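Below you'll find the structures, each written out as structure tokens.
What follows is a pair of complexes built around chain A, which joins chain B in one and chain C in the other.
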Partner chain A sequence: MHNLKPITPLGAETARVDQFSALTIAEVPDRALASLTAREGCKEFREKASAFLGFELPSVGQSAAGSAYAAFWIGPESWMVDAPYGGNEDLARQVKAAVEGSASVVEQTDGWCRFDLSGEATIAVLERLCNADCQQMAVGAVTRTQIHHLGCFMWRQDGVFTVIGPRSSAGSLHHALMQTAQSVCGLD
Partner chain B sequence: MTHSNRLGGGLVDQSTRLSFSFDGAEYQGHQGDTLASALLANGVRLMGRSFKYHRPRGVMTAGSEEPNALVELRSGARQEPNTRATVAELYDGLDARSQNRFPSLKYDFMGINDRFSNFLTAGFYYKTFMWPKAFWEKLYEPVIRKAAGLGSVSFQDDPDCYDKGFRHCDLLVIGSGPAGLMAALTAGRAGARVILAEEDFVTGGRLNAETHQIGDMAGSDWAASVVAELVALPNVRILTRTTVIGAFDHGIYGAVERVSDHLAVPESGKPRQVLWRIYSKRAVLAAGATERPIAFENNDRPGVMLAGAVRAYANRWAVTPHKQVAIFTNNDDGHRTAADLMAKGVTVTGVIDIRPDAPSLSGAEVFAGAQVVDSTGRLGLRSVKLRLASGELRDLNCGALAVSGGWNPNVHLTCHQRGKPVWNDAIAAFIPGGELPFGMRVAGAANGDLSTMGALKTGAQAAKDALDDLGIRAQLPDLPKAEDAKISLTPFWYVKASKGRAWIDQQNDVTVKDIKLAHQENFRSVEHLKRYTTLGMATDQGKTSNMGGLAVMAELTGKSIPETGTTIFRPPYTPVTMGALAGRSVGKDFHPTRETPSHKWATEQGAVFVEVGNWMRAQWFPKPGETHWRQSVEREVRQTRNSVGVCDVTTLGKIDVQGADAATFLNKIYANGFAKLAIGKVRYGVMLREDGIAYDDGTAARLAEDHFVVTTTTANAVLVYRNMEFARQCLWPDLDVQLISTTEAWAQYAVAGPNARNLLQKIVDPEFDISNDAFPFMACGEVTVCGGLRARLFRISFSGELAYEIAVPTRYGDAMIRALMEAGEEFDVTPYGTEALGVMRIEKGHAAGNELNGTTTALNLGLGRMVSKKKDCIGNVLSEREGLNEDNALRLVGLRPVDARDAIPAGAHLMNADGDVSAKTDQGYVTSAAYSPILESSIGLAFLKGGADRMGEILRVVNPLEGQDIRAEVVSAHFVDPDGERLRA
Partner chain C sequence: MLINHPLLGPRDAQEFTYLGDAALIQRPDWQADDAADQFHEYLYLRDNPAGLHRELWFHEAGDRSWLVVTRNTVTHEITDVQLARDVARNEGRST
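Moving on, here comes the complex of A and B:
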């Protein structure tokens, strides 16, 4: 076991949580991500991926989840696999082994930072941040949008909107979320 | 409270008391008042001075079209100039001041301009201030601007914040008068997503200003009942205080919501305004109409107002501008104002109707066929002079004159995509025509349907038609009984045969005479007329004046008004504060920043950062006692070259390339070959643009037969990725290649110097042999570090030293830099920043952005042989152009000053030792220069004509701009370790 201590995208040892009157912004550092993109003409890819994930790969703009993993669509024949970080530090290796050369798999865990927004004011905050039609997104829907000039994934899950943005700009993204949360909820 | 002009009733809450000040005097108003209505209630008619002649002016309208009553609100950093008093919502403590006057509104020194009006006509500036030319910018313009101005700015930072946001709907309804409400109701009941935008702070539009019944309710009550129903519908959003300012492409509208303008200070954390981008599938424009005045001599005195505005003040705000009001009209609407005023107990001293067959009116004398030809009253209207139908002149006492020349539909938004409005004879006005913006329908007065019933009917129908387009079934609501009067109007624009000045555009002090002058001087196109006279410019954009101006010009040219045409309507519909346009992109928030994985640690070390794109990179790490950046940088260089240094190179782009055809793909992307690169090896590569110019360099590491990691320069990380995606998707879609960026996923550190291996051997787990034999120069592989953390190791060198780059998952980047520093203590390790990195790469002769400057080829860079001719690649063919391959082409060389005390100036040009210094004799230019602590001399990299064959030659390095001129010797660009022994050690 190595002796290196991780830090969160916001640079702390523990995840940050910000509470507003009608909104909670929670930094989520404990998820692992791996991109999964089909190789040309590999017909067995979906079958292998499904066998590993435990569900069919979702269609355009959608996500799907099983007991161990979730996956969301990120491009033509391309998905992001999501799992708890604990036990899945090597998620990319696991997925790669499962699809056996039928897909390209790339570790993406630390390429991203992630904030879960929950509470009544969530949509009011998001509509001040991005042009995605968040109000119309059903649970499970996912889209790519820009927040504060940053390309982000926006993923509606049960009770939360998950914003996944570039890790190096976690501070800027968080700042934008905070400013807008204050705009909508005011300051206590 | 002395509200001398307050009437009974109205929609203001007369039980409330709001204190406010205007020009230092204290007044009171009510909740629901605007600044204009409250001032009128307090008997204040004089509210401003005009732009050019400083003539006393009062409020003319009751809405956003106001040309005259511009005031400054608030003070200090929140001071806001040029606010229309008609839309400034009254709040307790409001502090307002008049503007463009000195020392006071009543006594304004610059009122002298009015005496010289014969000289200050249209075009005066253009004709007068021509010579000497240099005086314009420094003398004439500043003086003129000071004399003829609007409000002033505080020159302080705006303390408030502004948001931008995005909303989506099936139907956007613009305006909440009868047409807008019916449209919203129709669509709301059908379940469509509706946004109803209203610029006023109450919904209802003209229904709040009229006494007509709808069904068995007052118009305002009917509006309130509809709004109550809409509020209860979850699919309808009502935005009050929100002006739709522009119709843009594809059904996108801009709208400004004034969230906090009605408060002294925004609530904590809340924005002052929000600029919304509304994505609509369809839109109904129900923006109503704007009344137009009739120009006559001295028609600009405080108290001369539009009739509809006077009626609105009486009915909505329970205010009259004066106890005695006269009416001047060419249509029935003026009579309506007279009737409503009289019902409120205001004396109407006469109705001057230009129509010989004007209807009679109970309670007021009607002067049929008469005209108003002049007025009196210096600071406020005292009387008007009439010319009766018989030709007789008569004076009529009045403190206010309500003028109605008819109504102009608010077609503005219909024209934002260059739609041209069409003329409608029935109302003598332009109505929407031609091609409207995508998805837009127009209803109610905005479409020329000026009756209440017309508005209700067309509003509902427009919404139904819009929803039909979208496949949403909607039912037309039952239409209530409503006013449905016919329009009776005789077009009449200005009173002729007046000797004095009749004001067409009161905001810009443009008179009928000015328009005649423009015509006389051949500025006859409406666009020329506008620029020559300033008609229709500034904050009101001619909403009350453009039609009058066009009509006068049409008459002069003998054309019809539609033939004369309108000027182009452009966004924004009403003025928008700069803060709303900027949104959150202010100061440090102008762009996001990117922090490297070692940022926190580097900050602790006191690193000095530099912005590289959005990245914050450590430039150098000062030590106690170092007083100049060069001391720090030179120490970092020496320590690295003598022992070992560590640099965060995470910012370099990393692109993961996989697929059966990954090698084939890279072979086409890079100028040099990659197909045969062995697994576990890295190769330096150069990428060319299509035109053969080199644009990026970096490395590609082959981790597996079908897996590469490409690195790019920091600056071009996005560009290279984008170009590779384009190539993958569009140029070679048949190749099996998958790309994804991993720049952020890995924290990568360069470990350089003779002790680099010794240091890394303490970090890399012992089962991985990184000896020179097992892991030679340009090797790469996956390893584990610090007891099992997965990592990638590359043996590559930018500094020219024995060097590695070690990559770990980013979350461990902070721990990794700390581990490297701790492990390196025994080797006197140093962190080094971008400056030391720059010095070392110049010493080694490695090209960077200065050399890859968009004009240079691989040949220029000394990498000509890397452009493989055995294969095709992007840029290969055009790199063979004759002009790029001349014998005398620029080549990368090194420069050393002949006199060691001299410094090579970056950017300087190279000249032969003898001869002229001129562009013709130019031999090349210096791209990079630095002081080398290793060579103890200034050194430089330069592009020199035929440089490869000029080693040892002495050249002049000149910078005529700075007077620099030194002599330097041409040497190899590889100052340090030219044979590469150190990096292979």
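Moving on, here comes the complex of A and C:
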């Protein structure tokens, strides 16, 4: 019998949390993701998507959230749907069933790693890491830019700044966050 | 160098990758009688202007859209940026 056990993007059994004087970097392994891209000429797509999600799809650079799902804009006619992994293990299948043939849906859960940054030094750390104007981003704003040559989503949520990067480079991204956090907050 | 993305505003050129002349949008009809000649020209023959040049850039580390950027190859000044999708539609290449 197989003896498989799930591991986090950083390769551990439990999610890593790093605490600095004014910053917390928390690995978030328990989110399900699926991308949603409208197909050409499918006018009913937005209605179907919003009926499923419980809110209108957000516009350029924005996110929206309902009780069960959240979604953020990732490109022209493209969005990422986000939900807790528990209970949504088949998120892509749910979304695909809801939009039927009006959009293309791709499972993204294991393609990404996520770190939530919180604390007073969050912006000071992020502005050293990327070109996005994190200070000016309002709650709900999302943009994709580079951190150490990795394309990462920067998503400002209430109280936390979420960084979603490529899972296969989770260690490199975590190293970048840690190194900058240490230079801003000092070694604790 | 900054590229003024039509949806996202000014973005650092590091986020983009360059493909080449925007004439690549005009892919020849493979069923034309002279398709071989047209494809030879399409694949291998390029203008090399000292001045304004329309070129394709991909927002690889951003929203992954293709852009048509009009850039002056002498000064690097960028005078126009459009989504390649819109350019292709205007040129009758898409529905």
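Just so we're on the same page, the second predicted complex is superposed on the first by the 184 of 188 C-alpha atoms of A that agree within 3 Å, B and C clash if a C-alpha of one lies under 4 Å from a C-alpha of the other, contacts with A are read in each partner's own complex, and residues count from 1 in each chain.
Everything below uses one rule, namely that contacts are C-beta pairs under 8 Å (C-beta built on N, C-alpha and C of every residue); 3 or more make two chains touch, one makes a residue touch a chain.
Note that the structure is predicted; figures quoted are calculated from it, not measured.
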Which partner reaches more residues of chain A (counting touched residues only), chain B or chain C: B
Chain B versus chain C as contact partner of A:24, first or second or both or neither: neither
First (chain B), second (chain C), both or neither touched by A:62: neither
Touched partner set for A:107, first chain B, second chain C, both or neither: first
Partner chain in contact with A:118 - chain B first, chain C second, else both or neither: neither
First, second, both or neither for A:127, with chain B first and chain C second: first
Touching partner for A:7 - first (chain B), second (chain C), both, neither: first
Touched partner set for A:157, first chain B, second chain C, both or neither: neither
Partner chain(s) touched by A:50 [first = chain B, second = chain C, both, neither]: neither
Chain C-contacting residues of chain A that also contact chain B: 40-41, 78, 131, 150
Complex contacts: residues of chain A adjacent to chain C: 40-41, 60-61, 73-76, 78, 131, 143-146, 150-151
Residue ranges of chain B in contact with chain A within the complex: 161, 163-168, 267-271, 274, 277, 279, 584, 589, 591-596, 599-600, 614-615, 650, 656, 658-660, 706-707, 734-736, 738, 740-747, 784-790, 808-812, 814-816, 819
Residues of chain A defined as touching chain B within the complex: 1-9, 11, 29, 35, 37, 39-41, 78, 90, 101, 104, 106-112, 127-133, 135-136, 148-150, 166-173, 175-176, 179-180, 182-183, 185-187
Chain A-facing residues of chain C, complex: 7-8, 11-12, 14-15, 60-65, 83, 85, 95
